[in-house]
Amino acid sequence: MSDMHEHSVGWSRDTLIDEQPAPAAERGVVRWMRANLFSTIPNALLTLVALWCLYQLIAGVLPWLANGIWDAPSLSACREILQGATGGCFAVLTERWNQLLFGFQYPSELYWRPATAFILLFVALAPVLFYKVFPRSMLIFTAIYPFLAYWLIWGGSILTPVCAALGFVAGYLVYSRFITQSFAIGFFGGIAAALVFWWLTGFFNFTGILALEPVDSRNMGGFMLNLILGTVCVSLSIPIGIALALGRQSNMPIIKWICVIFIEFVRGVPLITLLFVANVVLAYFLPPGSNFDLILRVIIMITMFASAYIAEVIRGGLAALPKGQYEAADSLGLDYPQAIRLVILPQALKISIPGIVNVAVGLFKDTTLVSIISMFDLVGMIRGPILASTEWNGVYWELLSFAALLFFVTCYGISQYSQWLERQLNTDRR
Amino acid sequence: MTTLSDPPRESFRLSMLVNDTRYRSYTFQFIALVCVAALFAYLGSNLVANLRAAGLNISYDFLGDPSGYDINQTLIDYTSQSSHLRASIAGLLNTLLVSILACITATIIGVAAGVLRLSNNWLVSKLMAVYVEMFRNVPVLIWIIIIFTIMTAVAPAPSAFRGDDPDASMLFGMFAFTNRGVYIPKPLFEPLGWVVLGVFLISIVGAILYRRYATKVLYDEGRLLPTTWPTVAIVLVPAILAYFILGRPIALEIPELGGFNFSGGITLLGSLIALWFALAIYTGAFIAENVRAGIQSVSRGQTEAAAALGLRPRRIMNLVVLPQALRVIVPPLISHYLNITKNSSLAIAVGYMDLTGTLGGITLNQTGRAIETILLLMLFYLLISLSISAIMNVYNNAVRLKER
Amino acid sequence: QTLSDVQDRGTLNCGVTTGLVGFAAPDADGEWSGFDVAVCRAVAAAVLEDQNAIEFVPTTGKTRFTALASGEIDMLARNTTWTFSRDVDLKFEFTGINYYDGQGFMIPKSLGVSSARELAGATVCIQTGTTTELNLADYFRRNNMDYEPVPIETNAEAQQQYLAGACDVYTTDASGLAATRAAFETPSDHVILPEIISKEPLGPLVRHGDNDWGDVVRWTLNALIAAEEYGITSANIDELKAGTESPEINRILGTEGNLGEMLGLDAEWAYRAIKANGNYGEIFAKNIGESTPIGLSRGLNAQWTDGGLLYAPPFR
Amino acid sequence: MADTAVETSKPAQMQVSDEVAIQISNMNKWFGTFHVLRDIDLTVYRGERIVIAGPSGSGKSTLIRCINALEEHQRGRIEVDGTVLSSDIKNIDTIRSEVGMVFQHFNLFPHLTILENCTLAPIWVRKIPKHEADKTAMHFLEKVKIPEQADKYPGQLSGGQQQRVAIARSLCMRPRIMLFDEPTSALDPEMIKEVLDTMVELAEEGMTMICVTHEMGFARQVANRVIFMDQGQIVEQNEPEEFFNNPQNPRTKLFLSQILGH
Amino acid sequence: MADTAVETSKPAQMQVSDEVAIQISNMNKWFGTFHVLRDIDLTVYRGERIVIAGPSGSGKSTLIRCINALEEHQRGRIEVDGTVLSSDIKNIDTIRSEVGMVFQHFNLFPHLTILENCTLAPIWVRKIPKHEADKTAMHFLEKVKIPEQADKYPGQLSGGQQQRVAIARSLCMRPRIMLFDEPTSALDPEMIKEVLDTMVELAEEGMTMICVTHEMGFARQVANRVIFMDQGQIVEQNEPEEFFNNPQNPRTKLFLSQILGH
């Protein structure tokens, strides 16, 4: 084109140049390595350091994994088999597998029950988590699930959870009968109906009717306990969190301050102190003679803890809604409960889901703290009975890595889901 | 204003408490207040009844009693004859110590990991991603226990340093890494030594002033003074000179293996180190994500515009990217500091005597005063948290002012 | 009223330690056993006619008193030292002593220490939440020695620390030391120093002010002790039940007198308590005696007739 | 902008009755210490179409928001359809169900379909069975010419369509009075016309309307009174022709010159 | 859009010298395996105003970003003002301080005031004392007609004002060549004109400019050469009149019909 230095002359290309392959240095492994690993000298050094770290890590872990012993009755037996070679004694996992998962007191012939409950948990969660994929009718199962899971895990007569569920149904029926008239009548009527129903059913004795062998909550342990605490507390804390968030947004100063103080107080203290409260103090505040067992007290405190955090997440969601939504609802004549229920909350909750999931992950990780107040969750099992036993005294790495792995898989899965959901919501919003 | 057109002042009717917007908020607030009061009254009456049944009372008198136990690491004078209150304060200081150390380390780790994760070195950025995901998704308690186990089960016992041909030896002859902790030399100051320290501190101020001056010169005269080497020189040279001129007034007390243990020098307890590093690495993973998000929040266009103006990469970082990224990074950073402080209560799992270990641990055990100690414990933590949030608010407001 | 509560409930809530081999520890199947556990079982057998009708509530040093005070447990059978302030200030009732203990030290043989007086400068692992810390502080102060305490929450972790060499010495009640040492791979590498630095009378305790229940626990324990003294064992008890010459044995076993009725129980209460796990001597031998890995000798815990301190008040 | 509305002669059936729809007398409102509305007196008869104009911040929005109690006024009297607006919640409810309101930013509920947006209030406030509410809603959606969008979500519609849905949503409550707060100012020029057309149609049916707008073409065509506000007070009111051709007040003149100027 | 720029005859003083400002020969660039720029040959003389047009994705932005080394090219030669672009950091610095660039999205630094935005590079790169840099900056801010905004922050300005600041910021480095990458395409129509006016003024002063834009009015008025790119290659170039009235290449024709059609 150097012929066109007379730049006033027009010029047009007749034949297009075809695409050409990039020069060798721009293609393939070499280019990739050059661009991604060795682009500058410091970068190359960094790569070498990283490679060295990686090598050290693999060199350390690989033989330990590869030479692992999966079948031995005790640590000393393991050591004998290994004859001084490096290798993990994973036999402790196979040997104590059930204890790690279910604790040491859950009757072993009943393991299928929590296992079933666990599997069904996914079925119950699926329509909530992937609300676009699964039919809405599956939500019915989600509603049934808590009662079913209770029955499976704790056992006892099926009529107990059925009555509990029927109480909710009764409450809901009354609620939906009166809700169109007034929220207050519907809401309190519903609660009253449920309470009356439960009170009435309290007169019957269900023992033995369609009963599974009952298991005390004291006997829950292992990873199962973490899962129970995690799911129960998160699900209970969402409604409380919503109430707190609404309260904090309210323009009634007293209600607002009650919520603010509660939220800030709970968020300002470590979970462990709340667990101490559950462990050593709460009993003093309960009516004399009542006997809440530890797991229940812990659930109360963790739920309080989680609801404060969830309230903050939901408050964010509420704040993100434009004021026009409230005004539009008002101008259509919807009253406050209706506006909240029909217009505000559905939107605010949707915005808050990723935040709630993050809180849930954090909370699930925090359930391990119950090991400090002598409950035998996964970590408690490891720190307590298993490491204390004569056979397995000293197998730290295998047990701790197992616990870490279990939590990693669960939490990583959930947080990946939350990220996926966040992207989904972003595209939804157009 | 003619009162005629005003709505007639209706006389007050009871139904207005529910139906009238003016009164109904009072009604609801009153109901809420009554509910809360009732709840507290109920809990309180239970408490009183339970205490009476058990023949106990609530009293903080025990705080003045001698605690009777020893604490292995205190920042203040403390013996087993000191009061429980003093033990709690020693614990509080230990909490603050480990929190501050962990905050600093977590920031360093987090910033490094966050920046490296954005590096165009594929391997490094992937490694950092693995680090972040791995640490974020496993409970901090497990990390604390793992690191503590590394400390106790992997590091050599002090006895390994004994003998003619010991299994372990001290680093530079000064640092001993044992499973009880790390022993490092302790500077011993003669009177003149304090002068050297003073000189050193003044030099640091001097270095800061110099950098200010360099910027001023650039602004006023358009000369860019070198900063890196002069800073190093200003910080080090006077102190070193003073050290030698004054006749080496600072000696090092090097830890030595005594009867059972190393003695002399400064001891960093194994439990402190475990807690410190576990908190730092765990929180560092979260901070790394924030740093990454902060830097990414500065659009590529900003960097390109700065580059097109002829700025060099380091200046682009300092003048354009960082000031913008910091606004995004700092608020979550501070809430991570809060988390570190709260998580430091897990010290109890490794026997580090922080606030939870002293007040909420041994004092509680010894006195049996559960309600009192736990209330006090929560109060202490609440105070720390509230002060940190207050700082956060001040910072946020300061930044917001600059923005608009 | 605890008695009627327990009877209504049908189970006894018994607080035990979270795990100390020989005294109270769950085995691989989650079945609790041990010296303290046997006391619980005896009480359950006496009151509920079923030694397995027990809920074992693991407690730590921190939680045990609240658990008892709040009624979560009916009795605490955990190595708890009988002290003045616990009895008086914390409002508990010690119902007797089932083990005379004292705090001691364990140290690796390789350190070549033979007396606690040589421990100046040592790092000491303590299981927190007992009187141990206080005794230790007192002892070292009295002897003008330095030490570095390493407080640890559970026995399992203390053990781990001690074995890894993170502390030179492990201190707790001598019985606990023996039990801990028994769980080591090579117990002979560790010595328990001769000094006992404190008196640690351990016994079951109940809440203040519920004397009926306190009596049940107290006399169940006494029945176990007396049974050994009189030679009632789980083997010969059925024989003796048929009637013996000794009026005391007859009164214990309910064939004579109405001691059970006075306690609010039936006549066979002590019979069941002893039948459950044997008399004190049998329980001792089975759980912590010399033939077990723990290998404690009777020492102070021998019957008064054998030069020990065990001395059951008369059953009449 | 001023000429986007259809310029035809005023529809014949636009009649104003003598019945009073809204009576505002001596109304004052403060935001904190700021006196937004000062001594407002305004009587609107049934069937009237009133356009309110005025510079930004003059209190136009506040005025009409006071009418359906979205804002509380502090002094004076507002009577809507015979009901005196007081702080009694029943009164407020009555008035709100008589008065429909359309906002600048539509404020449709994004999580509900168009149809659900329209039936929400009838079902929950008027307690109309769902199928009937659906029927009414479809009727009004046809009227605003978007029945085919009934099952879409607001986000999938253009601004003009959304505003028409907002009008339909208000109409579904069968209000006797409609308030419009700058219904076209957030719209692209192409879409303004479709919304104004809908409003003109509504006006032709005799709906009482108060409309804050700067669409002077619309005002000319539809309004039977134009009110000019400034600094929280009604400065001038007149029939549209008079108002535009012969403004009395200097502020009105200034304003008109600005708004018609470009 | 095409007619927002002022349509006057070309300014008299727009003269093109024979000195070469930019010489690109046989330049090729790949993104991975994708061949973005193919055999580009282009000579720009000092004082020339070149407009680059072409469909989206044709490589226009990439081409001008190669000129000031924001993108690396893989083959061929780029010479700017006598300096050959190599990977030597000194060369890149020289070239970047000769060449100013204005982006589509302004890319002002939001944490600095307008004045600081303009003085940042002069102080840190050119090492000009602050007070002098301030003076220069005010001079150029006056030129783009917003001296009064000097102490505000970018977020407080309208898009058009921001883009003018961006131009001023580049000018403060006293570049000999200016590159514009669709400087008006992120702006509202009202603001396009004020930015184009600034650019016209710049052109009149004889600045060498390469401008990617679809503002054909601007091209007609200011450019002395229009370059049409497609699929990474220069397909046609000509004087604006010829280019618009008599395009040679079918692709150009197609493109022009699209862009002028609406």
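For reference, chains read A, B, C, D and E in written order, and residue numbers begin at 1 within each chain.
The rule is short, and it goes like this: a contact is a pair of C-beta atoms (placed from the backbone, for glycine too) under 8 Å apart; a residue touches a chain by one contact, two chains touch by 3 or more.
To keep track of the chains, here are their UniProt names: A = Inner membrane amino-acid ABC transporter permease protein YhdY; B = Putative glutamine ABC transporter permease protein GlnM; D, E = Glutamine transport ATP-binding protein GlnQ.
Since we're looking at a predicted model, the values are computed, not measured.
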| item | value |
| --- | --- |
| Set of chains adjacent to chain A and to chain B | C, D, E |
| Most remote chain, CA-based centroid, reference being chain C | E |
| Closest chain to global C-alpha mean, per-chain Cα centroids | A |
| Approximate Å spacing (C-alpha centroids) for the pair chain A, chain E | 53 |
| For chain C paired with chain E, centre-to-centre distance based on mean C-alpha positions, whole Å | 89 |
| Between chain E and chain D, distance of the C-alpha-averaged centres to the nearest whole Å | 48 |
| Where chain C and chain D are represented by their mean Cα positions, the distance between them in whole Å | 84 |
| Contacts with 2+ other chains: residues of chain A | 276, 280-281, 283-284, 286, 288, 372, 383, 396 |
| In chain E, residues with contacts to at least two other chains | none |
| Residue list for chain C, restricted to those that touch at least two other chains | 62, 66, 69-70, 153, 157, 160 |
| Interchain contacts, given as pairs of chains that touch | A-B, A-C, A-D, A-E, B-C, B-D, B-E |
| Touch list for chain A against partner chain D, complex | 180, 322, 324-325, 327-335, 338, 342-343, 346-347, 350, 429-430 |
| Contacting residues of chain D [partner chain B, same complex] | 25-26, 28, 72, 75-77, 84-90, 92 |
| Interface residues, chain E side, partner chain B - complex | 68, 70, 93, 96-97, 99-101, 103, 105, 107-111, 120-121, 123-132, 153, 155-156, 166, 169-170, 173 |
| Residues on chain A engaged by chain E in the complex (per definition of touch) | 1-2, 4-5, 7-8, 10-13, 16-17, 19-23, 25-27 |
| Interfacial residue positions of chain B with respect to chain A in the complex | 25, 28-29, 32-33, 36, 43, 46-47, 49-51, 53, 116, 119-124, 127, 133-134, 136-142, 145-146, 149, 153, 342-343, 345-346, 348-349, 356, 360, 364, 370-371, 374, 377-378, 381-382, 385-386, 389 |
